[in-house]
Every structure is written in structure tokens, then in C-alpha cells.
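One structure is given below, encoded as C-alpha cells.
Which chain is which? They are A, B, C, D, E and F, in the order written, and residues in each are numbered from 1.
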Amino acid sequence: MSALSALSSGETKGETFVINVGPQHPATHGVLRLKMTMDGEYITRAEPVCGYIHRMHEKMGENRTWAQFLPNTGRIDYLAAMAYSHAYVGAVERAAGIAAPPRAEYIRVITSELNRISSHLVWFGAFLLDLGGFTPLLYAFDDREKILDILEALTGSRLTYSYYRFGGVCNDVDDDFIRGTREFVAFMRPRMKMYHSLVTDNIILRKRLIGIGVISAEMCRQYGATGPVIRGSGVGYDVRKSEPYSVYRDLDFDVPVYPEGDCMARYLVRMEEMVQSLRIIEQALDKLPAGPVMASGVPRTLKPPAGDCCFAVEAARGRLLVRIVSDNKEMPYRVRLRTPSFCNLSLYEEASQGMMLPDALALLGSLDLVIPDIDR
Amino acid sequence: MKALLKEIGSGFHSLVTGMRITLGQFFKPQVTVHYPHETLKMPVRFRGHIELVRDPQTGKAICFACKACEKACPSDCIIVEGVKREGERRKSVTEFKLDFTKCSLCGSCVEACKSEAIRFSKDYNLASVSKEEFIMDLFKRLESEQPKPPQAQPEQSKEAA
Amino acid sequence: MDHFPAQDLIVGTVFLLCVATTVAGALLAVITTRIVRAVCGLAICCVGIAGLYYFLHSPFLALMEILVYIGAVCVTIIFGIMLAEPDLTYESKRDTTVLWGIVALLAGAAICWGLSRLGLQGPWPAPPAQVSDGSTKAIGVSLLSTYSMAFEAISLVLFVAILGALVIARAGRTKA
Amino acid sequence: MKLLHAYEQADVFLVVAAFLLAVGIYGLIRRRTLIGMLISGEIIFSAASLNFMALNRFHAPDPTVGQVFVLFIMGLAAAEVAIALSIIIAVYRNYHSIKARELADLNG
Amino acid sequence: MISSLQELADQFNKLIAQDVPLPTTPAVPVAAGAQVGTAAPEPASPVQLTDHAAKGFHLDVRLRPERVVAAATLMDENGFAIDAVTGVDWMAEGQMEVVYDFFHPAHAWRVVVRARVPREKPELPTISEIYPGANWHERETHEFFGIVFLGHPNLTPLLLPEDATYHPLRKDFKA
Amino acid sequence: MSIIEPFRLLLFLVGIMAFVGLNAAYLVWVERKGAARFQRRPGPTEVGYGGLLQPIADGIKLLSKQLHVPPGADGVLFRAAPLLVMIPAMIGLAVVPFSESLVARDTNVGLLMIFAFGSINVMAIMLSGWSSRNKYAIISAARIVSQDVAYEIPMLLVVVTMLMATGTMNLNEIVQQQAGWFWRWNIFRLDVNPLMPLTFIIFFVCMLAETNRAPFDMAEAESELVAGAFTEYAGMGFGVFFIAEYANIILGCAFATILFLGGWQSPFGVWSGVFWFLLKMYVLVFTVIWVRWTFPRTQFYNLLNLSWKLLIPISLSTLILTAVVMKVLK
């Protein structure tokens, strides 16, 4: 498309031209920029340019007390804030040798899984929006609203919960929460069937997703891609199974794996994960023990003993690792956040090569990126 | 050939199914709340901006400027000043500044307060054309209010369907 | 009175407009430096010609002119421009030397003058008694009877043209 | 009022057709790019069609024959454009130019 | 392919056997005010199996910066996936630590590889040839710490502005 | 030509313009309200009762904005494209018989007229994309051409099939042939072609593709190309494209109604009139909106595959089938 190459100045060679997808573009859901070198509608190189909302959370961690950094963790991946708090709280508890009481652990699991469903619902809607279907987005947001209502009543906030504490959670759940969650679980199951017959079976969607954007398991390993991305490539890697934290060991759930590695596989993994999350929530509600929700004897100003340790959780987008280094002071010496979207995006340049523009955007959507999660 | 026909058949069926589902939704009642004509009741734990709590006996602020909230705040958006007056057991607050432009609504301050002198307001209709309006002195705000309102926040909302 | 008062005037003016459109479009097509505008000139010229055909009692061909020339030819040319025109529509003036311009102008004028003379003076046979009613039926009948051979040949030519176009256009392509 | 009844005179159509042919040839000589030449060629085709139609209307014994031939011309024009453009694109791919002069090495 | 972490530890031991021993620096600095007792006991061996429940990883390897590529190759051959690359600025000791996290997609194994470079000349080879995923991590570590990964194809800022010359995660950086 | 004819024509022209304008304005409203209902939202409510004045407010907003010509764009073509895009719908509607007598120009080649001028549409959108000097717009223009060319073929084949069945290109005559109960409508004329309902579906799909409506809105594809060929248009320039989109939908649905659904004929053989025509047309328009808010967008090669590998073979075979049936059985 040479008229296009005439439009792009300087950086072109031969038949190719450069288009900017983002930082203000409907497909990038935030301020991600993709510098795409294209040959007609085919992509020869798609270079992600990130950092537009970089906030240096890791430095903030070094300038705050251990407890003061907690609210930050909810603001990295704003769609699945619970998992991030969980990872940080888990790391600090591991470093300081605090154990949360079982009721708190169960509540953490329930809220994390609710949050995972709400995050996947946003992904579902936004992904369909990328593919040009608007209506499923609204249906998904309707369902998500129910989760947010439940979590808001429990934590006081709809997105940035700041709910977990070192040694437990800050509020106990009440009967309304348990009843509301059970109702939601009962409501969501037929809803998933509806999504499958409205969206998954749709021939247009199948044609757009099957065989598109194949990512091999080997590529996932080399880039450290995790979560639904690696599970859609046939590797059943899930932190909840491989390094069981909290009370996931006591709960029975499956890790959905699809070997194809295409957009459809990742789509199906996430859809299946929502069902599994419902299962986890149901079991956790059944098993929810009585007792306190905060461990006793947690000091007001925490000073974990010197040393470093890690805590990994399975966030909605994949493996989230928090590595903390303590020097026995009020403030962390170093907080490292290894976020899943960062690694998942890093393989985009290689995976998108030779794809057509709409397919490449489908691939981008299927990675389920949250931009602050990349930029931190 | 057979596979192709099957694909056409199932594809067509999927399209019809999809259209049937959306038509079904077409006749269902709407789920949105039509703000601002309808508003929702905020849950009890809703974290709005903070406000000072009045002591029901004395009619004055409970806060005695211990500055625990100031210390707990990760964003440094609270400034508390107080004086120790003659004949009083505790200090009394004279200034309680909240820089709401910096506040991240994390709730650490309320948690840090041992005497329950601050709480979350249920006010979510915050909008202004000037930044200065969000640097608010909560103490002055408390003083300027009626001395004994039964509830600081009037329930102006109604439950939506 | 069953005639609209200025009917002759209106019809005559419309005809002259058609002629003007044809001429203006043709001139635009060859004079403008921007190649896309030249295509637009061709399109305008074709609209004018369609109008002329209408005045020649053949609405069918008038519409076919629009369908084929604007809908197919012009669109294809613009598409081709998008694929092949490197410097965004400009024909640089440097290449067109003044000499060539004069030669072209002279050639055009000579042809125009000669043909016009020929056309105006030629011994034409007497016009037919009845004017064709512009029915599509007659065209269809003659297409499939008298000229069926030519019709088949044309369809063959079109078929070969499409195949040839595909082969040539695909030859240099790396991607399928 | 001869001018207002111009549409009933064969001469007018013939002159317009001659003019179109002249313009087409002018363009063919003057244009330097292949697409420009193609456009001029289309105008020449149109001139021929118009001539056919005019003579068909005013002088032909069988009123369909001219129309049929114009239809054939349209078919040929479409075919010509398809072929010509595919050649232009192929040429552009190989030479990165569609200027006629720069393609002079096609001669030998 | 290895079948247990012990095997992996042996392989690492073999890898660093011919090296001169690392200078004995404490794994973590003991802050002036802190009691000595709370500091982590200094690991006896550079290759150490650790308790996952306490640390979050299974194997802790400390090696010389030149050995990083060999270690990454070892991890790659054994099917490990790159988890993260990051740095820690030990300003008091004049050193920077580069921490490589690896996880195994099939087994529940987590390995941490650390290398220390002097703070004045923080340079070590890149592993982005072996793990393309390390490319971004190393870019990030470079912009945040100023650690230079020799041989890296594109060591430009990733998250910071493209003209950033400062390294915010260094301990002496004040915003 | 009677004395009344020019006045009648003028009246119809004004009427059609008003019809198109009103329809475009209120189809936007119907589309927004309809989308809202499908998504269980209220839709526009603030301006007027039920948001009924919303289109007027939008129109005023668009009118009050400047038509900005981007630097480097071809200003003349950039401004001409919105005008050009309105022509086909206007001329097409002039030959549409709304009822037996309610037709602006009852011509013998009405069917061809709609197609001939419909082809201008492609050129107009292409010019708008080309002249904007915007990469998204040019990609969109290239898509539009391939798409419209690909779908014009099955559509023409379907229309030729109908032409064989009806034997006339006069739209009024086509409708008159379908008088009587609704099984006399062309869509149920199984004696002419047993695949007639399928033919109608092909026609409908092609119409969606020709009018660039979802799921074939590749040219606008907002998640890929921002707004495609219309990216650079602001104010009324954009507004005209918007109106033209709805005018083309109206024309397409009116055409489908005439060809397949008996035009102004009533389904019961009595009380036929303009009411039935509008009812059928708006049901089709609603279906177009319904389809848009149900399906995701197709990908480009799927779109071309659908046309070249499915619709064209099927429509060719229905054409041959019709020819055989009509030759053998009649």
C-alpha cells in the first residue's frame, strides 16, 4: 500500500508504513501504544511502547511503611486488586512470620475469586468490544456490577478495596455477604450458558478466534507468560496448584487447559476459569470456619526481620510475584512487583508478526492487559 | 463437503440463537439506575472522604489531635493541629485539613483513629471547577454545621429498583 | 394546455448542461495534475455522457454507463492509484515539457477539427422513420440472436482479462 | 431556438464525440504516468461509444445495433482497465515507479 | 532434564566449582540500629536449598556475574521459565545485586539466582539471547538501577521517559 | 409531459429529502434506543420526552461545528465526498414506489437505476478516505472497495434471478405481480425458484455488506481504524455521512421490500397501501439494527471468503436453477 508509505515519513522502507495504535486508540484500553510497521494490512513489526502511566510503585514502597504501601497494591491492577493485596500481604506475613486465622484465609479466597470473576467479566466485555460486538460488554458489566455491590458492601470500595491486612482482613463478612454471594453463584451459572450460546458458539466469533494468534508453550516459557495465556497453550501452570497458598490446598477445583494456543483457547480458558471460581467460592462458603478474622499480636508498626522472601499468587492475568527485601526497619528496603501483564505483553512483538491488523488486535485483547499492571 | 454443509448449518443456527437471545433481552426491564433522577443508597461501609464526628454529649468534635491519622496516611493529605486549653484533659482540634486531591480513599486514617473521631461520609457527589475546593478544613466544616443535627449526612437517596 | 410552459427551454438547457458536464469532465481528466482528480474528471465526464445517452433515447445504456464506468472503471482506477501511485497523486510538472504540451494541443486540435468537419459534412443516410423506444427487450433480443457470437466473445475476453489480471497482479506478491 | 433543440441534431453529438477523442489523444500524449494514460484511453473509448450511439439514433436502420456495440465497448473497457491496472501494479512492484519514461528499459 | 532440586543444586555446584569463592558479604546488610540477631544467617554455601514455606523459593544460588549466562543456559536446558529479573541496590556495601527469578511450568520449583556487581561499574552479560523475555526485564532493571547488561540489543528506557538519565531505584536517588 | 408533472416531481423531490432527513434523524434515535433496549439501558432520555428531541440536538451540535480540512488533504475532494455520498440514496428513492401512485418517477429501468447510482456510493466513500490523508482512512477505503466489489456480485446475481422471475425492471410492475395473499410475495414464490427464501437471505446479507453495517462494518471498524474513512471529518461533513448511512439502509430495505416482500401489497390481498410498505420496510430496518447489536465484527478475509466461497456460488446456482425451472416448467 504505497500511498500509505508515502504518508509515513522517514521511517519507512519499501512498501511498509508505520501506524500508531495508541496511546489514544479504541483498541488499547488505556494508554498503551503500539508502533506498528505494516505492509498493507499485514504487520511486519509491532513494538509496544509503554510507560505512559508509570508511577514507580516500587520506589513508593521504599518510602512508605509496610502498612502504608498496602493501598498501593490495589492500584496496580485495578480490575483484580484483591490478588495484588493478597500477594503483598502474603509476602509480608511470610517475612514477619505472621499467620492469618483460617476464617480470614477463607474470606481472602472468596473475595479473590469474586474479584477474579469480575476481572474476567471486564475482559470478556472488552475483548468482544475489540472484536466489534458491543452488547456482551453491557451484559458482562451488569453481572460484574453484582460482584462489585457485594464487595463494596464488604470493603467499602468498588475497585481499590484495601481490604486485606497483615494477619487477616479488616472487616468480617456478614450474613448479607454470604447470602449475596450464594445468590450470585446461583445466578452466574445459567448466565455463563447464555454467554456461550450468545458469544462462544457464534460463527463470526469462532472464525475470528480459531487459529488466530497462536502462541506456543515454548514461547510462553521463554517470555515468562503465565495465567490464561500459558494455560491456553497447553501448559497447566497455575500458582494455586503449583505453590498452593492460602487455603487453596483444601479446595477442589480444576485448572482449565486448552492446547491450541490460539485466541479461542485463551478465551475458553478464561470462560472456564469463571466457572471454576464459582466452584471455589461455593466450597469456601461451605467450609467457612468461625473465629477471628485478624491474627492477634500483630505489632502496630511492623518490622520484619532482615532478609528477602517472595510470595506468588495467581492473579486474574497470571502469576503475580511480590519479592520484598527487609532490613528490619519500618519501611521496606525493596519491593519488587513482578506483574503478569508485563510478561504477557513482552511476547506480543514476536507473536504478532505477519498478522493482519484486526487479528493482531484480537491477539492483544486475548492477552487481557491492564495497562497500570504493565507500567506500575 | 459434508463438513462444509454442517458448518454452514451450525453457523446459521448460532446466528439465529444469538439474535433470539438479544431479542429476549430486548423485552426485559432495564438494569441501569438513571442517575441523577435515581440514586443508590450507599452501603454502611462506603468509603467516601472523611469527616469529623461530633461528640453527642458535648456537641464538639471528638478528635483531640493525636495525629495518628496524619501518620497513617500514605499520601500525606491530612494535617491536624490542636491546642491544649486550660482546664481540659485533652487537646482539642483547631485545624483538620484534608487535601482531597491527594487522598486515595484507602481508609487508613479511619482505621488508625482509636477514638472513632473520624468517619467516612457517604457523599459521592463531589465535583468542582477549582482545585482549592478539595483542600477542605474538616474542622471548620464541622463548626459551621448546625450544632445538633441528628445525622450529619441527610439521606437524600432512595432505593432504586 | 397539456404542455408545461417552458418545457422546451428546460429540456434544452438540461441537454446543454449534459454537454457542458461531458466537456468539463473530459478537460478536467486530462488537465489536472492530481491523478485522483483526473479520475473524478473521468467520472464527471461519464455522468455527462450518460445524460447524452438518455437524450439519445437509451436510458438503459445511460444507466449502464454509470454502472460500468463509475461503479467499476473509476473505482478500479482509484484502487489502482492507492496501490501503485507513490507520491500521493501529483504528476510532477517537470516531466511535461512545454514542447510536448504544444504537440499534444496541436494534435488534439487537428483531430477535433478534422473529425468535426468529417462528421458535419459526411453524406449520412436518411434518418429512420421511427425512433427507437429505448426498450431493453430489443437490445436483449439482438444480443442473444444477431450478436450472440460477439456476446460470447466479449464474455470470454472478460473472463480471460480477469484471469490475466489475477495472474499478473499476483506474480510479484510474496504473501498469499 | 435551434440551440434548445440541439439534442435532436446528430451534428452536436458528433462534434462532442470528436472533441472527446481529441481530448483523449491530448491526454495520452501529455500524461506521463500510466494511470493518466489509462484515463485518457477511457475517454477515447467514451468518444467512440458516443459516436456509435449518435449514429444509431439518427442514421441507423436498426435502432439496437449501436446500443449493442456500446455495451460491447463497455465490456472491453472494463476488461482493459482490469488488465491495465494489474500490469501497472506489477510494474510498480518491480520498478517502484509508474512513470512511463522511467520504464524505458522495458523496450529492450 | 533433572528429576529433583538436589540434582539441580549439584549442577549449579559443578558450574561454579572452578570459580574463586565469592567474597564473603552478608546476604543482607545489618542496619545500624537493628539487633544482630534478627539478621538472616549468612548462607554457608552459594548454592542452597531453602524452605519454600519460609522464603517463597526452593533454591537460592549466588554466583559471579560472569556465570549468569551459563546459569541461564542451565535453567533453559532444564525447562525453567523466566519469572523476573530485577535489582537491589546495596548502597552501604557499594554493590548492586541482580536477582533472576525462575519458575518451572511443570514442577513446582522456584529458583533464585543472584549476582553482585560493584556499584561503580555495574555491568554483567545479558541473558536476553537465551530468554527473550528477559529483554524487557533487563531494560527495566537498567533504567531503574543503571545496571548495564552487556550485549543487550536495545537498552533504552522502557517505562521511564525515553530521555531519562536518572535511575530512580538507586538508594541515593531523591525525587 | 403534462403541466402537472414538473410540479409533481419537484414535490416528490422535496418529499424524499424530507423523508430521508427525518428518517436519518429518527433512525439514529431508534438505533440508540434499540441498542439501549438490547443492552437493557434506557438510552437517550434527557432531551424531550424519551429523548425524542435528541436527534435535533445532535443535528444542531453537528451544524455548529467547523468542517475542518486536515493539512495536506485534498480539500476539494474532501468537501465533495459528503455531497457525493448522498446522491445515490436520493436518486434511488426517487424510483421507489411507496404505493401504487406514490412514486416520484415510475421508470422502466428503476431496478437498474438503483444499482447504477448505488455504485457512486463506493466511489464517494473511497474519495473521502483518500482525500483525508490519514492512514486509517486509506486502509478503510481499500477495505471498502474490496468489500463492496465482492458483495455487488452476489447481489447482482440475486437481482438478475429476480429479474428472470418478474420479467421486468419496473419496480411498480414487480410489486403489482405480487398482489394477493402473502404467499404470492416473491420470497414465497417457490414455483419459480425453490430456493427463494435463501435468495432473500443472500440479498439481505449483501445489503448489510453494501451499506457497511455491522457485522460487515470493516470500513468503520472503530476498534481498529478509529472511524475509518470518516476519521478526519467533523461537524456536518461527518453528519452527512451519518445521514447517508441511514438513507442507504432505508433504500436497501425499501428495495428488499419491493423485490421480495410484496412492496405495498397487504398480506391478506385487501387494503394494500403505503402503510404496508412502510411497515415491512421498518421491520427490515429494525432487523438491521438488531443484527448490529448482536454480532461481533467479521474479519476481512472471512468476509471475502463468505462472499466468494459461499454467497456467489449459491446465488449463481439459484440463478441457474431459476433459469432451468422457468424454461423447463413453463
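In this text, contacts are C-beta pairs under 8 Å (C-beta built on N, C-alpha and C of every residue); 3 or more make two chains touch, one makes a residue touch a chain.
Values in this document were obtained by computation on a predicted structure and should not be read as measured data.
*Asks:* Along the shortest chain of touching chains, how many steps lie between chain B and chain C?
*Replies:* Minimum number of steps from chain B to chain C: 2.
*Asks:* Under the document's definition of touching, what chains do chain A and chain B have as common neighbours?
*Replies:* Expected: F.
*Asks:* Among the chains here, which has the CA centroid at the largest distance from chain B's centroid?
*Replies:* Most distant chain from chain B: D.
*Asks:* Counting only C-beta pairs in contact, which chains form the busiest pair?
*Replies:* Contact tally peaks for the chain pair C-D.
*Asks:* Starting from the Cα centroid of chain F, hunt down the chain whose centroid lies farthest away.
*Replies:* Using the mean of the C-alpha atoms as each chain's centre, the farthest one from chain F is E.
*Asks:* Report the inter-centroid distance (CA atoms only) between chain B and chain E in whole Å.
*Replies:* So the centre of chain B lies 43 Å away from the centre of chain E.
*Asks:* When the C-alpha atoms of chain D and chain F are each averaged to a single point, how far apart are the two points in Å?
*Replies:* 32
*Asks:* What is the distance, in whole Å, between the centres of chain B and chain F, each centre taken as the mean of its C-alpha atoms?
*Replies:* Spacing between the chain centres: roughly 50 Å.
*Asks:* If a residue has to touch 2 or more other chains to count, which residues of chain E qualify?
*Replies:* none
*Asks:* Two-or-more-chain contact residues of chain B, please, as numbers and ranges.
*Replies:* Expected reply: 15, 18, 21-22, 25, 31.
*Asks:* What are the residue numbers in chain F that touch two or more other chains?
*Replies:* Counting only residues that touch two or more other chains, chain F contributes 38-41, 130, 133, 138, 142, 293-295.
*Asks:* Spell out the residues on chain C that touch chain F in their complex, using ranges where they run on.
*Replies:* For this pair, the touching residues of chain C are 1-5, 7, 10, 34, 36-37, 40, 43, 59-60, 63-64, 66-67, 70-72, 74-75, 78-79, 81-82, 88-89, 135-136.
*Asks:* Which bits of chain A are touching chain E when the two form their complex?
*Replies:* Residues 50-51, 54, 56, 58-59, 62, 91, 94, 217, 220-226, 230, 235, 237, 242-243, 305-312, 319, 321, 323, 325-329, 333-334, 336, 338, 342-343, 346-347, 350, 375-376 of chain A touch chain E in their complex.
*Asks:* In the complex formed with chain F, which residues of chain B make contact?
*Replies:* 8, 15, 18-19, 21-23, 25-26, 28-32, 34
*Asks:* Any idea which chain E residues touch chain A in the complex?
*Replies:* Within the complex, chain E touches chain A at residues 27-31, 33-35, 38-40, 52-57, 76, 79-84, 86, 88-89, 99, 101, 103, 105-108, 110, 112, 131-133, 135-136, 144, 157-161, 168-169, 173, 175.
*Asks:* Can you tell me which positions in chain F touch chain C when the two form their complex?
*Replies:* 1-3, 5-6, 74, 76-77, 80, 107-109, 112-113, 115-120, 122-123, 126-127, 130-131, 133, 138, 141-142, 145, 149, 152, 169
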